[in-house]
Amino acid sequence: MIRRSRAGAALLSLAVAAGLAACSSSGDEAGGDAVTLDYWLWDDNQKASYQACADAFHADNPNITIKISQSAWDVYWQNLTTQVAAGDAPDVWTNQGSYYPQFVTSGQILDLEPYVKADNVDLSQYQAGLAGLFEKDGKRYGLPKDWDTMAVVYNTDHLKAQGLDAAALEDLSWNPTDGGTFEQAIAKATVDNNGKNGLDPAFDKTKVKVYGFLPEWGDGSQGQNGWGNFAAMLGFTYLDKNPWGTQFKYDDPRLAQVIDWYKSLIAKGYSPALDLKSTLARDALLNAGKGAMTITGSWMINSYLGDSAKVKFAFAPLPAGPQGRKSAINGLSDAIWAGTEHKDEAWKWVKFLASSDCQDIVGGNAVVFPAIKTASDKALAAHEGKGRDVRAFIDQATAPNGTFFLPITDHGSEVSKIVQDAIQSAVLGRTDSATALKKANEQVNALFK
Amino acid sequence: MTSSTPHHPARRRDDRRAAWWFLVPVLAGFGVFYGYPAVRGLWYSVTDYTMLNTPSFVGAENYSALMRDGDFWNALKVTAWYVLLNIGSQTLLALAIAALMHRLTRSVVLRATLLLPWLVPNVTVGLLWMWLLDTNLGFLNHLLGTVGIGPVGFLSDASLAMPSIAAINTWSYTGYTALLLYAGMLQIPQYLYESAAIDGAGEWRMFRRVTLPLLRPVLALVLVVSLIGSFQIFDTIAVTTKGDPVGATRAIYFFIYEEAFRFFHLGYAAAAAICLALILGVLTAVQMRLLRASRSDLA
Amino acid sequence: MRRRFSPGRVLGWTVLTVVVVGSVFPFWWMVRTAITPAADMYTDSSALLPDNPTLVNFARVLGLTSEAEARAAGGSGAHVDFARYLVNSVVYCALIAGFQTLFCAMAGYAFARLRFPGRDLVFGILISALMVPPIFTLLPNFVFVKELGLINTMAGMVAPSLLMTPFAVFFLRQFFLSLPRDVEEAAILDGNGPWGVFWRIALPMSRGPLITIGLTTIVWAWKDYLWPLLVGRAEENRLVTVALGVFLQQSPNTQPDWTGLMAASTLSVVPVLVLLVFMGRRLVQSLNFTGSK
């Protein structure tokens, strides 16, 4: 019987394998030692561009086929961690700062430094600082593929109706006490059911029709889409050193000030309460006309300025805080799984992804800003060719001291959960911001002991 | 349970060989997928294991860390809250529906319809209700809006999220529970109702005096099964709230899942799973005792 | 029972009607959303029927549209193919229900009828597994299936439930105990061995409970989520439930693609509905059976 059930299992796996083969044989190719590399990414908007790269790569290397799998952000990291744990990870995958260190620590990412040296890859071609994000102790765990910065996105028609045009939004100020001219703009953009805006004494904050500002609360330990930028404008830094710091500073009172300012927006009726959060993301709410402004990243340009947008949007620079205007800058990279059977082929592909051959394709499609400076210029030109104004993102990236890097440390997913929970509980009013953040900081730092 | 045979067959049979063949698949399945993993789980619970390293022995450290972990206690607390809400509402509703059916109709179509929500995967149920309850576009908030209430953040308000999850699962499981109770009611002899009616008892009194006492064994069994099931709430939460807001719906199953497969603290998760097993074991034992008590009551 | 119209009966029927409507209406809203064009989501009225009904959402979750068409209809660029997931789910349920029922019947019979040393002890140990919450064995089982290299295979997905589940063994043993012995004893006198008795007498006599257990297993397997979520994530062997969870997050820029999701949800209900239509009486009776045990 044991034999029989084993045979059963074997038969099953055969059937499954046959099913797989039937699917994959639909592709072309029957070369001698043809290799298929699995490549994973999460942004469905970028899939087409990287498919174009893969096709170009395949034309140059006919024996290597790239199989691209895309799954959305949350699923992507769940799948990846499970697959890595199961010893069956993709050969090459896209990495982000808060998630990749855990793979470095567990020895799952191939050190690219020897390959980079051997093939003389020029690291100075990339936007400043990006290559360094994926370095640790002389080892290199990925090559930069793109970068993103943050800006304010707003519903132009709605703001115009409230007397706010592009020029009025060009140089706003912000501080945590009264919110500066930025909060004035938010107040003006908030409209109640009677058509009164937030500055009107008759404004009814219980019957808000359009919220002036939509905060993002599912923003992990970084606040890339909001609080992180404001905190940086007050001089806040996440860590003792970045990347690879081990002491977080979430107990910094300046961060609590930012959260308190956010809470004041909710209290004044300018932002929706967290306990009324919808399944709809901020861009959907903006499209539905339920919000006027939010902070967004350059990877969202096509969603807001593309054909699918139902409302006319434009971008404005972030407001300037006491320490100036600061935006998070984040870079992604491509990494090779240490357990891949095709290291050399995988390196060829990663090198191609990090070269101007591929990044020019990506830039030309104007989806994201590639890491290579010249390819980035192509992206800008492509955007301008389509009549899209994306200066807010570029200016911020090139402004002196205009950007800061997101934290790169071990225990990224634990830190993310702890800090996000703390901030949400502060916003929900279960604890005050300072206490919640102080406690979270202790928990977070305990992870590194 | 034990059927006593009046006279033994003359020859004492021993079916050892045959029995072995009958039992091989089940014993293999039990050994490989219950016994072996149980031993392994016990071992993991005293190790530091991330699935990518070799487990290293750490003694009772996982357990003492659990005792100090506020999130673990919170998970137990919100699970208990869920079980209370879910079992309470589900059982009462099911009892009412079963009693009504019992007195009014034998329709199979009606019973099949009531079973529909139970037949659907919890994932589908979760999605469906997440959509119905959405703050901006959900039908329920639309209905509330027409009478001037809301919008209500059913799944995003910390104090409403768990009751909403409990309500969703009550919707999904009440029909099933009602049918189980109804089946139990069908076994109650009809003449008891007739004689009660002759004594002039109304429906409510018949329910209290006849149905409820005679239903007790079935009710107890149904309670045991749904209680244990309730503790294992996972699918609905994994689809809708993912433990949010701020852990208000991070029930124990979801807690263990996250520890194991999001943070890869496998040893820690195994220790938490053992604590859960112990709690469920004690609860089941207590319930079984109650169940037995009610059985002997009847006899 | 004689009085046809009493306020109590009217009230009772009213309550039952409300319950039935409450059970069914959410399903209608699911279908109604599924036939609504995504572009109408914000503008469409809340009437019982959409203003511009369409089947495009079904087409795109079944993978029948091109990427561009799917995007135009409100989907993401991600590939979805619920036809394949449905087939996977059906195969998964059939394998588990078939094998598990057979093996558990064999064991149940052995525990009820055969004599061998240690019978009650072995049975007791098997039944003790009923007390253990599945998540406890789930973690090591995942590691084990990973060691076998069966992650993302149908074999790995069905393995832990293919051979047994303690409840089915318990349930079928109870049933075999309740069968009258005379027929079997006659068959033994006719020279049948234990196998012969089991196959020719006991199994045919227990069609009812076998179907009960089989149906229940199918329903639970159809609802399975956590285990397949861990070992069956790959596109090729995703079950409907796992695929729904993935699809929820697959949507463009984290905004759930509700029309597509409801179309996919509808598809996940259809097989169950078919089961209910054809086997409804059996299913309902099977509950009587479990309920009275």
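The chains carry the letters A, B and C, assigned in the order they are written, with residues numbered from 1 in each.
By definition in this document, a contact is a pair of C-beta atoms (placed from the backbone, for glycine too) under 8 Å apart; a residue touches a chain by one contact, two chains touch by 3 or more.
Just so you know, these numbers come straight off a predicted model, no measurement behind them.
In summary, the chains found to touch both chain A and chain C are B.
The chain pair with the larger count of C-beta pairs in contact, out of B-C and A-B, is B-C. One finds 38 Å separating the Cα centroids of chain A and chain C.
One finds 16 Å separating the Cα centroids of chain B and chain C. One inter-chain figure worth recording: chain A and chain B are separated by 39 Å, centre to centre, where each centre is the mean of the chain's CA atoms. Residue positions of chain C with contacts to 2 or more other chains are 42, 146, 159, 162-163, 230, 245, 256.
Multi-chain contact residues of chain A (touching two or more other chains) are listed as 5, 82, 85, 279-280, 288.
In chain B, the residues that reach two or more other chains under the touch definition are 21, 25, 28, 51, 130-131, 137, 261. Of all the residues in chain C, the ones that touch chain B in their complex are 1, 8-9, 12-13, 15-16, 19-20, 22-24, 26-27, 29-30, 33, 41-42, 46, 103-104, 106-107, 109-110, 114-117, 119, 122, 125-126, 129, 131-141, 143-144, 146, 159-160, 162-164, 166, 169, 174, 177-178, 181, 185, 193-195, 198, 219, 222-223, 225-226, 229-230, 240-241, 244-245, 248, 256, 258, 261-262, 265, 268-269, 272-273, 275-276, 280-281, 283-284, 287-292.
On chain A, the positions that touch chain B within their shared complex are 1-2, 5, 78, 81-82, 84-85, 102, 106-108, 273-280, 285, 288, 290, 413-414, 417, 421, 424-425, 428, 430. Of all the residues in chain B, the ones that touch chain C in their complex are 1, 3, 5, 9, 12-16, 18-23, 25-30, 32-34, 36-38, 40-41, 44, 51, 96-97, 100-101, 103-105, 108-124, 127-132, 137, 139, 142, 171, 175-176, 179-184, 186-187, 203, 218, 222, 228, 231-232, 234-235, 238-239, 253, 256-257, 260-261, 266, 269-270, 273-274, 276-277, 280-281, 284. By the touch criterion stated above, chain B contacts chain A in their complex at residues 21, 24-25, 28, 50-53, 130-131, 134-137, 151-153, 156-158, 160, 244-247, 258, 261-264.
Across the complex, chain A meets chain C through its residues 5, 8-9, 12-13, 15-16, 19-20, 23, 44-45, 47-48, 69-75, 79, 82-83, 85-88, 279-281, 283-284, 287-288, 300, 303, 308, 310.
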